[in-house]
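Consider the two complexes below, in which chain A is the common component and chain B and chain C are the respective partners.
Up next, the complex of A and B:
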């Protein structure tokens, strides 16, 4: 299976480390991928709020491109979508194509004017889904050379990969990331904030509201003894990591804790170098503590 | 077969057609005037009239007057479903001296006006149906209803308060009742409750005397730990198969001394106690609760050493002076007869694991309301003392309403009893633990005698009421005061802001759902049920305890969520309906039975195995099939099966059906 890789804009910008570490980990695991040619922005939630039809057209273009690129293999087309926002938006576009006849006609028209056509043969997959349900935890254990023993990780999923579509995990208490990191030796936290809102783009627009939401997550993870927070979403990672100084000033309480991508932790366990995993890009430095090796 | 019922109208059909407005039910979507004028043009129609309400007295008199004045010999009424008023118009026809089966009904309400938007289309469809009915009725023949004696006994399925009350009512009238309960004891949910709203009288004090009356009543046979597995026959003459599960204890010998339980090889009770909702443990040999009826122990074969492993010292059997324990007891299948059946199979409570946000199963001190009923019960696992699973005593308690009710993700309906039982539990918890109690509600629903007053009383007692659907129960603390507590997050819609209420205990007021096997049960008894599994009454207002199957009645929450007063009232009504049927002494059977044209029948026997009621036999001398009319239910299977057309069915003769189809199609 060669997955068609849809990085989305974040993974080429603020979330570069996610892109680097994920690709490195997949290579090590023998998961083949090919980037979708000429992919475009998924539109995210922002465009959806401005103009639904255009936002859907934007997202569907990626599905149509993937289908065109993947179909000739004669195999089902699977689009690997690491960014939570992209993942949700692509699923949402598919849902509209399935359920809304009028919406489907509009989209078909838009795609046609770009010389494209979408038959609905693409399935959108999240890397966590692939690791747990396709590769399997045993394969991950096999590739683990530096188990994350003693490392206490707070797995933070964000809202978008399980809501509203819980395609591969529980809507309220997802476990895929916990399973992956536990398979590689880490200890994961039982906590109720796995899918609580990080503030999203509110951190930029109404910082006092957005920052407070991130603060709650950081504080709780720290209080429960986490060494590090693992995320699966570039926006969550950014919100949780980059405002820790401001939060200390705003709320008068230090919540300094490293926030990494789950794929970075996987890479560490698999013996990949910090460079390969983009560790130098972190604002709050993280190194697997010596004690945990 | 004679051509008609009064000997007066042997000649060609003289048909009267009557089109009903049903107020505006029909008239809004069907041009009744146009249909009436159209009917006049149909062959054989002598008069055609319209009327506001054909089913009313003046409407019926209109028909009868015309029969006499115009010498009519066939009647067609186009109105509602035959289920509603076929019997009414047949009677009206008969009262004017015609055989009642010279009548045909066209359904232009359920089949036309209620399902059609366009009035022209509705009118056209109504005309087609009337044309079909007119052509069909021309070929109707006079038929006689058969009378069959009614078996005087009543079967009641389910031994909760509904079944108990119905059983006692019928038994007190002198009739015999068989009460079948699938659990080891009768009593149902009510036996688990501590007190009942709004009077706060103790549930056990009012229920257990009725339970023992059931046990002692000479007219009641009680089969607990038993299930109905097959139902045959018809109203007045049901044949019912009951399967009695082995309890491995001879019911006639056991006196309920419970010495066997004390001597069981398990010194410690290890199995979750179902009656106490798993809040305590029982042994493999047990009695559900001290007042269980019958007061007989039962052995759970899955955990009993002897029954599961085949090896045990059998100390229980040794301890029993009556030698009542019998490890070789087998399932017993018994056939019984009854004239009427009352279904009182009750409900189950909503499983709150389906709403993970509320933390049931994740946080130790989140309880269901049914668990709390046991917790505050003097005969419960803690003797009525409010001690939580972690051994602590709560200082603050949240009661969350509408868990699994009024919720588009789970059940859309209101479970009707939760507001009131939540108030009751709030009162009891405050009284027993002196904790602060918070009720989280969407809105309070307290219609009922003394219910609103009870709500007032709670307000005065100082229970807190917060209006808002709870978002989640969680354990992440924002402040020191919240540390170690569960936090109820809710939008307080009266204050207009989100709130966090830290508490030690959460009670989920779970809604009521149909029994998980409601669909199997309804098939067994031939009744229908709603999408949610509640059994459907024949008419929501005017036949609330009858079902679409004659002789089968409903009592209690199996028909929909209900509190105890309503359940008991309905059980009384079901008992009265069953008694009315039995005391009449006979039932009239529809003459729509099948018969064999012996001239045509080749004796091929194709029909015999097809008959679901084993009503067909072969006469080996004549070499033809013979249908036993008393057993035939008029399902028509043999008619459809017969390769030669020898099997025919009264009221559904081939030519009658063809004529109706042609009438409809010719018009279209």
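Up next, the complex of A and C:
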């Protein structure tokens, strides 16, 4: 199975390390992927606030492109979407096409006038979904050469990966990331903040509110003795990692803790180099403690 | 005319009975009618304590036709779209979608405070997609601060530099090849929001 890869804008910018580490890990695991040719921005949360119908059109173009690109294989088209916001928006557009007949007609007409067509044959998948439900945890164990023994990881999923359209994990207490990292030897934290909001774009727009939301997550992870926080979303990772100095100034409390992508931890366990995993891009450096090797 | 921060009695004749229907049409579903005012949304919302009206109150006001109060509220702008309320709501009211619809209406009418960062960012985002088909985070945040509070740009420049030197900031915006197709598509959609944002 070749997955059609939809990285999204953030993975080409602030979330570059997610893109690099995920692709390196997938290559090592033998998961084939091909980037959707000429994909466009999903619209994320900001676009939805300006124009809903056009936001759905943005998502539909990506789905239509994926379908056209994947169809020659004669197999069902599966789009691999690592970014939380993209993942949600694509699922949301699909849901809209299923539920709202009028919306679907409008959208189909617009797609047609742009020379596109979407028949609804795409399934949107998250890499965690693929690792757990397609490859299986045993395959991950097999590929583990440097188990993450003794490393205490706080898995942080973010909002939009399971809410509101959970397709592969529990909405209240998701476990896919925990399972993946546990299979590779890490110890994961049982904590209730796995899907609590990090503030999203509010760290930029209303920092008084946004930064406090991120601060709470960091503080709670630290309090529970986590060595590192693993994320699955470029915006979560950015908020939790890059504002740590500002948070210390604002709230008068140091919450310094490394924040990485789950794929970077997977790569470490699989013996990939720091360069391949984009570790040099982290603001808060992270290395697997010697004791855990 | 609405006046900021001034409470007054609202008479029934001043309510806008069509307001709820407009919201329903914008969200594409009428789940807002099912609300039983239990307040689960407000208690599950991680930012309700920063809002002027809790989500429960805003839903009640929207249904009754408190047109001005709803559109002037800070509540939708503080919503980060985490969907907690939508998931927890026992009556399956699509609250996050309602917040989006209110944001669209407020932007259409231009009733949010000038230089208020959230709509400025949303509009900038909208324009970048139209221009390039993709967004550039560095440019987004620069434009946001230039248009709202340039002082913040200096304050945030440390993070910007760090991002740049770690290779996480694309200086040249990416542009999709078939931008004509995307623009044709967006134009063909009978857009339901942002009259001012289209220009």
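By our rule, the second predicted complex is superposed on the first by the 293 of 293 C-alpha atoms of A that agree within 3 Å, B and C clash if a C-alpha of one lies under 4 Å from a C-alpha of the other, contacts with A are read in each partner's own complex, and residues count from 1 in each chain.
The working rule: a residue touches a chain if its C-beta (ideal position, glycine included) is under 8 Å from a C-beta of that chain, and two chains touch if they have at least 3 such contacts.
These numbers come from a predicted model, not from an experiment.
Enquirer: In the superposed arrangement, does chain B or chain C reach more residues of chain A?
Expert: C
Enquirer: Examine A:193 and indicate which partner it touches, taking first as chain B and second as chain C; both and neither are also allowed.
Expert: first
Enquirer: Quick one: classify A:173 as touching chain B (first), chain C (second), both or neither.
Expert: A:173 contacts chain B only, not chain C.
Enquirer: Using the touch definition from the top, say if A:280 reaches chain B (first), chain C (second), both or neither.
Expert: second
Enquirer: Figure out whether A:119 sits in contact with chain B (first) or chain C (second), or with both, or with neither.
Expert: Neither partner.
Enquirer: Look at A:220 in the shared chain and tell me whether it touches chain B only, chain C only, both, or neither; answer first, second, both or neither.
Expert: first
Enquirer: Using the touch definition from the top, say if A:205 reaches chain B (first), chain C (second), both or neither.
Expert: A:205 contacts chain C only, not chain B.
Enquirer: Using the superposition on chain A as set up above, list the residues of chain A that contact both chain B and chain C.
Expert: In chain A, positions 171 sit in both the chain B and chain C interfaces.
Enquirer: Considering only the defined contacts, which chain C positions touch chain A in the complex?
Expert: By the definition above, chain C touches chain A via 26-29, 46-47, 50, 77-78, 80-84, 86-87, 96, 100-101, 103-104, 107, 117-123, 125-126, 128-129, 133-138, 141, 144, 158-159, 162-163, 166-170, 174, 176-178, 181-182, 184-186, 188-194, 197.
Enquirer: Any idea which chain B residues touch chain A in the complex?
Expert: 356-357, 362, 472, 474-476, 478
Enquirer: Can you name the residues of chain A that touch chain C in the complex?
Expert: Contacts found on chain A: 9-10, 12-17, 38-41, 43-54, 56-58, 61, 96, 99-100, 102-103, 106-107, 109-111, 113-116, 159-160, 163-164, 171, 196-197, 199-202, 204-206, 208-210, 213, 242-243, 245-246, 280-283.
Enquirer: Which chain A residues qualify as touching chain B in the complex?
Expert: 170-173, 191-193, 216, 220
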